[in-house]
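One structure follows; several queries about it will come next.
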Amino acid sequence: MALFRKRLSKEFGLEKKVGLPPGTIVHVGEKKTEKTRVTVIEYDREGFQEKEIEKIEEPFILKDKPTVTWINLDGLHQTEIIEKVGAHFGIHPLVLEDIVHTGQRPKTEDHGDYIFTVLKMLYYDEEEEEIIGEQISVILGPNYVISFQEREGDVFNPIRERIRNGKGRIRKAGADYLAYGLLDAIVDHYFVILENLGEKIESLEEELVTHPTPETLQIIHKLKTTMISLRKSVWPLREVISGLERGESPLITEPTGIYLRDVYDHTIQVIDTIETFRDMVSGMLDIYLSSVSNRMNEVMKVLTIIATIFIPLTFIAGIYGMNFKFMPELEWHFGYPLALLVMLSIVGLMMIYFRRKRWF
Amino acid sequence: MALFRKRLSKEFGLEKKVGLPPGTIVHVGEKKTEKTRVTVIEYDREGFQEKEIEKIEEPFILKDKPTVTWINLDGLHQTEIIEKVGAHFGIHPLVLEDIVHTGQRPKTEDHGDYIFTVLKMLYYDEEEEEIIGEQISVILGPNYVISFQEREGDVFNPIRERIRNGKGRIRKAGADYLAYGLLDAIVDHYFVILENLGEKIESLEEELVTHPTPETLQIIHKLKTTMISLRKSVWPLREVISGLERGESPLITEPTGIYLRDVYDHTIQVIDTIETFRDMVSGMLDIYLSSVSNRMNEVMKVLTIIATIFIPLTFIAGIYGMNFKFMPELEWHFGYPLALLVMLSIVGLMMIYFRRKRWF
Amino acid sequence: MALFRKRLSKEFGLEKKVGLPPGTIVHVGEKKTEKTRVTVIEYDREGFQEKEIEKIEEPFILKDKPTVTWINLDGLHQTEIIEKVGAHFGIHPLVLEDIVHTGQRPKTEDHGDYIFTVLKMLYYDEEEEEIIGEQISVILGPNYVISFQEREGDVFNPIRERIRNGKGRIRKAGADYLAYGLLDAIVDHYFVILENLGEKIESLEEELVTHPTPETLQIIHKLKTTMISLRKSVWPLREVISGLERGESPLITEPTGIYLRDVYDHTIQVIDTIETFRDMVSGMLDIYLSSVSNRMNEVMKVLTIIATIFIPLTFIAGIYGMNFKFMPELEWHFGYPLALLVMLSIVGLMMIYFRRKRWF
Amino acid sequence: MALFRKRLSKEFGLEKKVGLPPGTIVHVGEKKTEKTRVTVIEYDREGFQEKEIEKIEEPFILKDKPTVTWINLDGLHQTEIIEKVGAHFGIHPLVLEDIVHTGQRPKTEDHGDYIFTVLKMLYYDEEEEEIIGEQISVILGPNYVISFQEREGDVFNPIRERIRNGKGRIRKAGADYLAYGLLDAIVDHYFVILENLGEKIESLEEELVTHPTPETLQIIHKLKTTMISLRKSVWPLREVISGLERGESPLITEPTGIYLRDVYDHTIQVIDTIETFRDMVSGMLDIYLSSVSNRMNEVMKVLTIIATIFIPLTFIAGIYGMNFKFMPELEWHFGYPLALLVMLSIVGLMMIYFRRKRWF
Amino acid sequence: MALFRKRLSKEFGLEKKVGLPPGTIVHVGEKKTEKTRVTVIEYDREGFQEKEIEKIEEPFILKDKPTVTWINLDGLHQTEIIEKVGAHFGIHPLVLEDIVHTGQRPKTEDHGDYIFTVLKMLYYDEEEEEIIGEQISVILGPNYVISFQEREGDVFNPIRERIRNGKGRIRKAGADYLAYGLLDAIVDHYFVILENLGEKIESLEEELVTHPTPETLQIIHKLKTTMISLRKSVWPLREVISGLERGESPLITEPTGIYLRDVYDHTIQVIDTIETFRDMVSGMLDIYLSSVSNRMNEVMKVLTIIATIFIPLTFIAGIYGMNFKFMPELEWHFGYPLALLVMLSIVGLMMIYFRRKRWF
């Protein structure tokens, strides 16, 4: 149970560092990597250069080069590295605090000479059958992009590939297009999660029709809470991306704006799908409940009918089990078969009556 | 089940081409035609010319003719044709991507020298008793309209007819009126779907009153999910058409604006009807549940009453079935008929009591 | 059933004339009068003139007279008359289409030199116990008002009376005040419908308390759907009238604007009342369901208690009905009365226990 | 029942004077006083003068005096008095109509040289255990305030007192502050009503826990409908007072604006409280239903268990009540006690099984 | 019960001082401290000075010093002290009224030369297992901050510490940063409450799965009402802080604005979490109800099956208990074992039938 609790308060970022002065950079999430890994890719139209930085001390990047520089950090617990990067690029302490304090709501902030964006990357954990959220922060400057991940992921690999082999617009465009590329990769990954959920919902619908069990209810409930937390992660994205797209910032050029509109459309589509899934899961709960009660009613009805048929018969048997001295029927020769006949005809009449009333 | 899943992820456009650079034109929907069919109609006040284009290579259309040109493509899987058309008219790669990537949310985008609109055409599949959505994209340029359909349809035939015989305003008006005509034809077709659904709802209401079965519940549930997906297709239309109508684009002339307002009114009417149908179906679920439980209660009550009447009688029979040596009643000459009389009067009293309490 | 269907698709205007060019004037509603009746009233401060026009061919009204002219048409199926009137006053074909195509959503359109308004008039059909909607269109020009009704009604009679005897402001004011008067008469009539519904709801509330039957549920359901369709008719009215009142059109003078604000207030009041009625009806459904289940529970409980009391007694009787050779109690002289006593005391104890547990 | 109906249609102002020209001043509410009582208070910094006016004919107030004049009318049925007052101060006929036509929705209207406000005063009728609404209209002119009440009330007495003894700001401030004072008194009185309701809800919550009865359900339902109508009365107040506060009218000075903001805050608080009460009452309904069904289940379960235990025993007794010739057990000497022992052990086993399954 | 009522009317601030002139400073909450304690901290970049003021009479603070002055008052019942402070700083009487009148809705008011903010501080009472709200008012002037608390609390201690040891920005920044610090401390404390609630919800979820009891329902209900009142306290905060942040007031400098945006984000996060908790608790109610009814059904089904199996057996025993003279079976030598065999085979057949129907 303790473990479970840890997860919930993490999900909502409840482990606030109460009492510390604002802007204190303390990482509160789980430690998901051994060491913070810093990789740098510099590129322009002509070529690219890729390196992994071991010692953060050396003046590692020339901020004012004409090329586009993409710095990616995997792992947030070595706060001293993040503080150094922050100091190098002049990032506001509150922004750094947000980066290391996972559990942020997706948001975007325009700080004039850079734009800060926080998002949730979603993974599907096959073992636990759960959706896991990871916080990804992206800082877009005039000619650089810094991305912060909680742990090493492979979602940005296709973008790295595109930079390496120079396919598509990416090498020709500026830092804003790179930032767009990162957002696009994240939002695209939501579709994978949704497809996964869609499959779950469909197999559950089948199960509902063929053989509903109490476990079905548990799964429906779990799906429902999954929807709730998915929604919480994705809804604010709408504002985030439309905030970027409306683009009053000079950091985002107009052609990239068109691409951001495309990401925006995808976000709307993701939200739409989540809402529809929510409706479907709610409908499934109704169906489950009424089908369970239907089955129950069916059982009760048949059993009650059986009981009801035998009760009058038993009564008749009881009558002729009485020990009165003078009971003429008992002396009749055909008393016994007659009694049986009477019982049979009672059964028959009741069956006809029940049938006519469509009780079975 | 696999088939079913395929449909759901298609409906929500979940099969994203994750990892590909944006603007890659890959068709992800089902292949619904053998070959992409391209038909071109050119017309002006004086006359019209209609042809089917076999080889897309030749410089097929003069973009700057004074006539209105309507290019219609049936089938989206031959992406090379769509790319060629796109290149010819200078369409943005992201727009082409949206065209072939079915599962888009209805939307409209003003790209300056052309307006791009995506809609859902709805068909009713008689066999599967399902509503099937098809994506239709319309590009409106200064003197041309390009429409993309997933498969050959007959919804645009009336418009072709009107162009051929020069009836109505169509030959006198510009490309914007043609685009309006296409939208109008699509929205008009929604009414056919709604009438169909309306009939279903009414026959179901009848069924609910006369003989509700568990199948009724299944149908109600199916109708409900149909409503959900209908709503998803139609709601965004509102914005789409009002976006066109507000018409800051010079591509849409004022007289056509009035016609677009008319389409807008129809869309609102469609949405209104869907909402009302939704409310009605929800109400039917309530009615179904309470009528089923009413019937069940009725059965249980009658059966329980029968049981309750016989239980005391059987008890009395049991009493005189006891083998005590000294039971004076057993010796009485009229003991047996007296016992029967007592039983009868108990039945009578219970009946009176139950009736007075209005239990049956 | 067929008849019922016709009504629903009529209510939502689903019988679209699919495929016809827009602006085609085809009447799709029911034919409610034998002949379209055209009456014209001309009036100014000094006097008034009233006539019924038989032949629409003759140039029947001078559009540019200084008097106010009110043309009223009862019956929409003779579309040639409506077309002629439309041509005479220069009405847009789409407007004429809306007039004859009943099933429109209430709306108002400013066409520059005239304002077009569509509303729903509601009648209560005593026989069918239903609310029936009729479409009323009003066109307000600089010095004329044209009103179109589906059938002859008496709602506008008080206005005719006021024109005839010159009471109130009407003869002193312009055409806009006349148009206001028509709207006011229609909205005022809604109050009659609401009072009617209010009475129904109150008598139903009484019935719920005194003797709920399955029919009560049917009536509640009917009331609920009535509310849904009422709401659909009245909600858009809000926008319609506030659209008129905001009055950017020079056709509506400022003094009339104040009167329109009054109609607006009434509309809000109507909407408020409908919403409250809806809430009340929903609450009644809850009350009905729980009171029915309460009654059912009551019945089941009493019956079960009776059964439960007799079961142990029957068991005891069964014991002494056994045929074992050596059962000392059977030989006792007071065995039988003792057995009866034991039974009686069991009944007593159970009664006390049940009472203490407040089971009856 | 008739009486009840009258109240409902009154509450919603449904008794419209259909057909009368707009602006006709006809009182439609109940006649709540014998005679309309007109009291006038004039005051300024120096002193005040208070009189009751008997004959309304004499030119009773000098509109242009520098003092503040407060005219209060109790009773609305003597419409000729209201008409005279209206004529004297140049009030629009539609405003006068709204004043006498009780059942208005709270609203405020700026007529340039005066502001017209309608509110609901709420009383709690101890006998009927109902909340009764009374319409109060306030007209604020440059140096006068006219208030109209349906019947004599004591809500404004504290204000009269303050004027008389010159306490607080009231004598120093203008007519707008007086109008504010009236609104404040009305809104303050809502808190009394709410406290009353709060007590009801709390005692009901206690009752729910200790001994829920069907009457509890009735009370919950009544509370629910009370909330609905309260809400209807108070919600529009929000707009009313914010409309006054935003104060584009020169009639309301800036210092009074601050006081109006205070009233606005109180209104929001009232609305908040009503919403919370609504949620609480809804929650109580859920609790009631599930606690009733819990109790019912408990009863049924115990009774069913008793029945279930005795059924196998009775069966065994039945076995040895059979009259077969050759039943060895019957001859055994310890047959009878053995049978009893078997029965006892069956009871024991069942008890253990039921306990283990936690069925009781 | 009386005690309980007191709490509710306090929570909603219902104990209005009806009839008193507005701006009368009367404390209506509970008296939570013995004496109002006034502490003053003055600080600037160089140093700080801290004192507790005993006699409020002496001109205790120089309003126009260049340092930042923070006056904190614990306890609101000594209204004369609050009035004196108010007079000293020129606070509007209505503001003072709001300060002492606990039960205010969170709000912020810009009075030109000072900003007034009311908030709810939330404590978790371990004993009563309740969340207790305390009203905290903050007045921000050009170089002073006055905070009013209902009782001594330790939430502001970390801020005092930071002032004392000069850590962070606080000593370098102005009064607005101090006010921000107070708000931040309050909002941060909400996370503690939420974590607490989160733990409760999780342990409840466990309980639901393992052993739901009627008490579980009570706790769910309590959690639900807690959520309702939490929501009421926190929702308005959103507006409050965004109102401060939008910062049209010159009292709030731009750098502090960025910090306020951070508090705003936290508030949104708090609201989000509350909403999700609400959804989770609602879902738990559904789960509880259906799991209870599942258990009940399970019990009823098993018991009914037992009864149903024995009823036909008892009937057969009854048959051979009849006393007819001529019943050939009774004479058979193997009659008795045969009868037992028939009974056994009936049991077997029924078991097979029930199993096949999956009834147990």
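In order of appearance the chains are A, B, C, D and E, and numbering begins at 1 in each one.
As a working rule, a residue touches a chain if its C-beta (ideal position, glycine included) is under 8 Å from a C-beta of that chain, and two chains touch if they have at least 3 such contacts.
These figures come from a predicted structure and were not determined experimentally.
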**Report entry** Steps needed, at minimum, to go from chain B to chain E via contacts
**Finding:** 2
Requested in this report: Please decide if copies chain B and chain C contact each other with the same set of residue positions, more than half shared, or with different positions, and reply same or different.
Outcome: different
Query raised in the report: How many degrees of rotation carry the C-alpha atoms of chain C onto those of chain E, rounded to the nearest 5?
Result: 145
Query raised in the report: Hey, how far is the Cα centre of chain D from the one of chain E, in Å?
Result: 26
Query raised in the report: What whole-number Å value describes the gap between the mean CA coordinates of chain A and chain D?
Result: 43
Report task. Would you give the residues of chain E that are in contact with at least 2 other chains, written as numbers and ranges? Result -> 300, 304, 307, 311, 314, 318, 321-323, 327
Report task. Using the contact definition from the top, classify how the chains connect: line, ring, star, complete or other. Result -> ring
Report summary line: chain E partner, complex, touching residues on chain D are 157-158, 162, 167-170, 181, 184-185, 188-189, 191-192, 194-195, 198-199, 201-203, 206, 258-259, 261-262, 265, 268-269, 272-273, 276, 279-280, 283, 286-287, 290-291, 293-294, 297, 300-301, 304-305, 307-308, 311-312, 314-315, 318-319, 321-327, 357-359
Query - Contact footprint of chain B on chain C as seen in their complex - result: 1, 4-5, 8-9, 12-16, 18-23, 92, 94, 97-98, 103-105, 107, 109, 214, 217, 221, 224-225, 228-229, 232, 285, 289, 292, 296, 299-300, 303-304, 306-307, 310-311, 313-314, 317-318, 320-323, 327, 329-336, 339-340
